[in-house]
């Protein structure tokens, strides 16, 4: 009331610009390239089981990515996207959550879903859009989702999940609000974590989502994956500020930047963010810095827009680094690990072969789920379509044989 | 290339949040409440003529606002919006521009248009949507615009002018770019100034406009009018950061906050911003802090949402303050000033009486300007409508008599 | 029963809905303490708390993004867009997200609990940006339901149906009628089903079809036509998606003629869909071309609003043209 | 003349346009150095400089906002939206701003120099978000022009017309044909006027009408129908706004039958407008109901895309139904 414009109240006579370099945001790093704790670094609270699960998940995703990239080249799936270089950022952040916290991702975060327990078969069913796909074969490969695992189904339009995450998180907080005074009456059980790329952060939905979370106080962790590229567009053609983290201040959101190739640092930062969120009900912005080691997707070839030199100076591997940490800790048996990885690669190939033979969804799935129950118009359209397919079975081999 | 993520390169082991209070942005103030220069304040380069023009413009707008508010109460115009409390911010910022710089405003900036020379009659013609209105009577009162005066026609959807201002400014820069090296080859002739409220700054278009201006380097001054309210919504339910200025850093845009009730400070800040823009081709964000002294519009009654106490502690009048400055300077004859104001109030009433009697636009203006030339469909629709109106002249008195 | 205007009827439907579910939230620009620029949410923040009835920052895309997230979590999300003219910044969140949420996820997730309320329509000297009727933009989007009430009673019953419906629904409120439409409305809860048109008055020569505020106009035209000996069957479509082809087709089969009237520009308005469907359904029964009396293909004007709008006189001449075809 | 695919034809039209006006700019996501994800703008940054052919940040509303401003200043603004599915965040800037810029200002200002290019349509296993055909959303918006080419030749001539036209135009590029449609295209400048449909082949029993990639389908169906003794008149609408009622009505008056086919969902698609208009224009000449063979009223699917799309077989059966009515 004495401050209706909601601003700092200090006054100056000096006619000077605030310079964008006013904030010089550091990147939190705990492990060196070899996985050894850096001087002054404080190890977060992490147990062996969690550390190993993070590691196994990263290995799994690396193997899956390599195999599926190859499968796409062979024409077995139409499309694929690798997590290459960002496995640490994604896996360790997911690991710092409770398993029933909500995750709303962009698309390159298969590692988080795996960490939650999505099975190899489930990955395959989605990619082959067969009738076992939870998404009923309706979206392109890599658009996973699982209600059971609290992992929102991926949607291609970029940035849309950001304000949605704010809304989802807000619902998680409502039961903890004291209606009388509007204050938190208890620690919040679950929060929402929202992943997005530095490219998607240019969308208006980013602005809306972060501002609303700050104003309405929603317990959401905004996890920005700054990997340097949005398809071919480099980060310096995407924004002119200091990364994404520098925007946190403008929204009044607590912010932290972390080395995304350092799984331990990511784990520590996300843990801290989650703790803050459940206690205060407020959002946190985490920016992960990890280079996109691979192509944008199988439709892309980065040699058209970035240099060999750049690629050769940006090679940080989060898996190797975390492996070093585990070895130092004495938590990993390297031989066993290698054997498991070999076996895994076999399993993936086998799973491809199984999934590609599973039938496609039935014709009824063309019109189901548009509404909770098909409206009359859709029933009519389905009937007409069925009759047509039946009349021309050769032209529609996928469904013709199964129409009742 | 060594910094593909486009971020600060310093590293830390300390797991600490960047706190939103990291920036403590001061408000530039030059004149005290009585219009005397504050200690340490440096007077900007302003001549008597400009200072008087600023003052006269503010007086004009105050009188117009009062009269038109009353005219609305009498049912003579359907709608009105006052600039009350922000006359200094708007007039002085416009005064710091060249007359052929582009202005893209939100709606509460009639003072800028007046400063450019929009006549009393032109204001009236717009508000009475008569056939002399430059906008051909198509928009609600106060949606002014003038190509001649480089003042973009107001459009009601909030925030849309922000990225548009970036685009407009970019076009002003193109001729000054050296195609070989992409650098500026000369100082830029004209820039664009874009006004918007702290409420509109929540729109996605704000984010897009500022980010694009920073990345593409467009010579645009973003002039945020933080007046504490968006209709009934107070600034602390609009954003949680330190005003709008705190966002500048995140975009990498040079930023300055100024007391909007202090016309001299606004003039100085905008002058500095313009200078920077023409020299570098880059944007500047200016935030003006001035309370909305009046209602949002004639459709609004603030007693429903803000307290008498608040209103009584926020009463800064930019006109009184600047008058004090002029008197100290010996630039103003108070008696003459008062006489002129009296006369002006008469002129406004007369102008209302004239404008309300001017005919409405002809029926052809219903379909003109949808396209550069009416498409056949519209010609057909117009013919049918004319025939209908002719057949029922009593029902359409505005146009019936004039159809050829 | 009580006498209510449309705003009170809407407020009552919202009140019941808020009491029904502990997670239900109402939000939008100025809807909190102030109760909305039209006062439709008046008194609700006081009753249900600032955490369940609240102002949002000024961002329609944010309001709908937030609403989608809230609804996906199972909370009834009742979002207000201050004017339908300002729903377009939220178009992506509605058309690409709300409408496709259930389908794309195979029903792992859905936003069935989402209801969008928005005042729409002209006749209030609002010009381009306080007058639009954007229903047709959404009618082309499978996954959404669209509902428009014609009076206070309908507003309450239909809004309750929208909020309870397990699909995202846009509820268009004819703002011209907010205070003008007054009538008996039950204070208790009741529901008018979505997807059913209502034959408001029977007739034999021609079917007149409209929705929302335009109902008043066609009823007026029907009265005028009656004086000239033409018997009109008047239908309120009420629900635009899904729409009640059966009731309309049945009526047209009987009368042999159809006139559709809406405020939105004629080209590709929802009248086009109705005409296209009915010429198919009733081809052999049609005695004259299906007629559309709609807004011109221009932005919504101001000074010449009277000339622009599809008023009763225009409807009447189209009725006569159709009958005399 | 040279053999060009559609991408090359587009690139050539862009090249000519850039050389024509010193302020002309091409911009959008990835259109700069890389030349666009489909490579339509390939080589142009090198030729015209980074200040005139450039990447934007990833914000469609920003791209269109920027484009409106640039065009308002008199610079030919050629904006690319990477996929038509992602045009919705820009909906407000297009529908409330571009379309109404001239009207609301009384032509003090206009964005006639704006052209929006966007790849649209299905048939590429793209699922919900790389397949949409959103033309009808814009067809309901007075102030916009909408153009869709069916092959490489048309693409160049029509795109040149769009860029030269003094109104905001959306140019929908059928991405399925980008590399598939190859033909003779003049290397020099030429223009195909906006607003004129083209009778692609004459016939007497029924008129088939489509645009863009769907032309291939109806031509195929016409071939199949011919074998069954049915003579189809095939028309490419080319321009959806304004559309050539005269050419279509003339054809239907002759054939007595009309079939419209588009990929977008049938409800409130542009086929609805055509049907509504033509049943009016040709009421006494129609021998059977106007038929629409379009996408189902669902989001665009993936695994069952083949079942979903309005293919030649479906068009053929609708032709037969119409002729046998």
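We just call them A, B, C and D in the order they show up, numbering each chain from 1.
In this section, a residue touches a chain if its C-beta (ideal position, glycine included) is under 8 Å from a C-beta of that chain, and two chains touch if they have at least 3 such contacts.
Since we're looking at a predicted model, the values are computed, not measured.
A.B. asks: Which pair, A-C or B-C, has more C-beta contacts?
C.D. replies: A-C
A.B. asks: Please identify the chain with the largest separation between its CA centroid and the CA centroid of chain C.
C.D. replies: In terms of C-alpha centroids, the chain at the greatest distance from chain C is A.
A.B. asks: Could you tell me the distance, in whole angstrom, between the mean C-alpha positions of chain C and chain D?
C.D. replies: 30
A.B. asks: Hey, how far is the Cα centre of chain A from the one of chain C, in Å?
C.D. replies: Once rounded, the distance between the two centres reads 38 Å.
A.B. asks: With chain centres defined as C-alpha means, what is the inter-centre distance between chain B and chain C in Å?
C.D. replies: So the centre of chain B lies 35 Å away from the centre of chain C.
A.B. asks: Where in chain B do residues touch two or more other chains at once?
C.D. replies: 136, 138-139, 143, 155, 157, 202-205, 207-208, 211, 215, 237-239, 370, 377-378
A.B. asks: If you look at chain C, which of its residues touch at least two other chains?
C.D. replies: In chain C, the residues touching two or more other chains are 54, 57, 59, 61-62, 85, 88-89, 92, 96, 100, 103-104, 128-129, 142-143, 267, 296-299.
A.B. asks: Would you tell me which residues of chain D are touching chain A in their complex?
C.D. replies: That would be residues 29-30, 32-34, 37, 54-55, 57-62, 85-86, 88-89, 125-130, 267, 296-299, 301-304, 306-308, 311, 313-314, 317 of chain D.
A.B. asks: Could you please specify the touching residues of chain C with respect to chain D in the complex?
C.D. replies: 61, 85, 88-89, 91-92, 95-96, 99-100, 103-104, 128-129, 136-137, 139-143, 241, 264-265, 267-273, 275-277, 279-280, 283, 286, 288-292, 296-299, 325
A.B. asks: For the complex, which residues does chain A have touching chain B?
C.D. replies: 1-2, 4-20, 22-30, 38-42, 44, 198, 202-208, 211, 214-215, 226-229, 234-243, 245-257, 259, 268-269, 272, 276, 284, 287, 289, 291, 307, 309-310, 313-314
A.B. asks: Give the list of chain B residues in touch with chain C in this complex.
C.D. replies: Going through chain B, the ones touching chain C are 78, 129-130, 136-140, 143, 155-159, 199-200, 202-205, 230-233, 237-239, 299-300, 304-305, 360-361, 363, 365-367, 370, 377-378, 381, 385, 388-389, 391-392, 395-396, 398-399.
A.B. asks: Which of the residues in chain B come into contact with chain D in the complex?
C.D. replies: Result: residues 102, 104, 133-136, 138-139, 143, 145-147, 152-153, 155, 157, 160, 162-172, 174-175, 177, 179, 182, 192, 204-205, 207-209, 211-212, 215-216, 368-372, 375-378 of chain B touch chain D.
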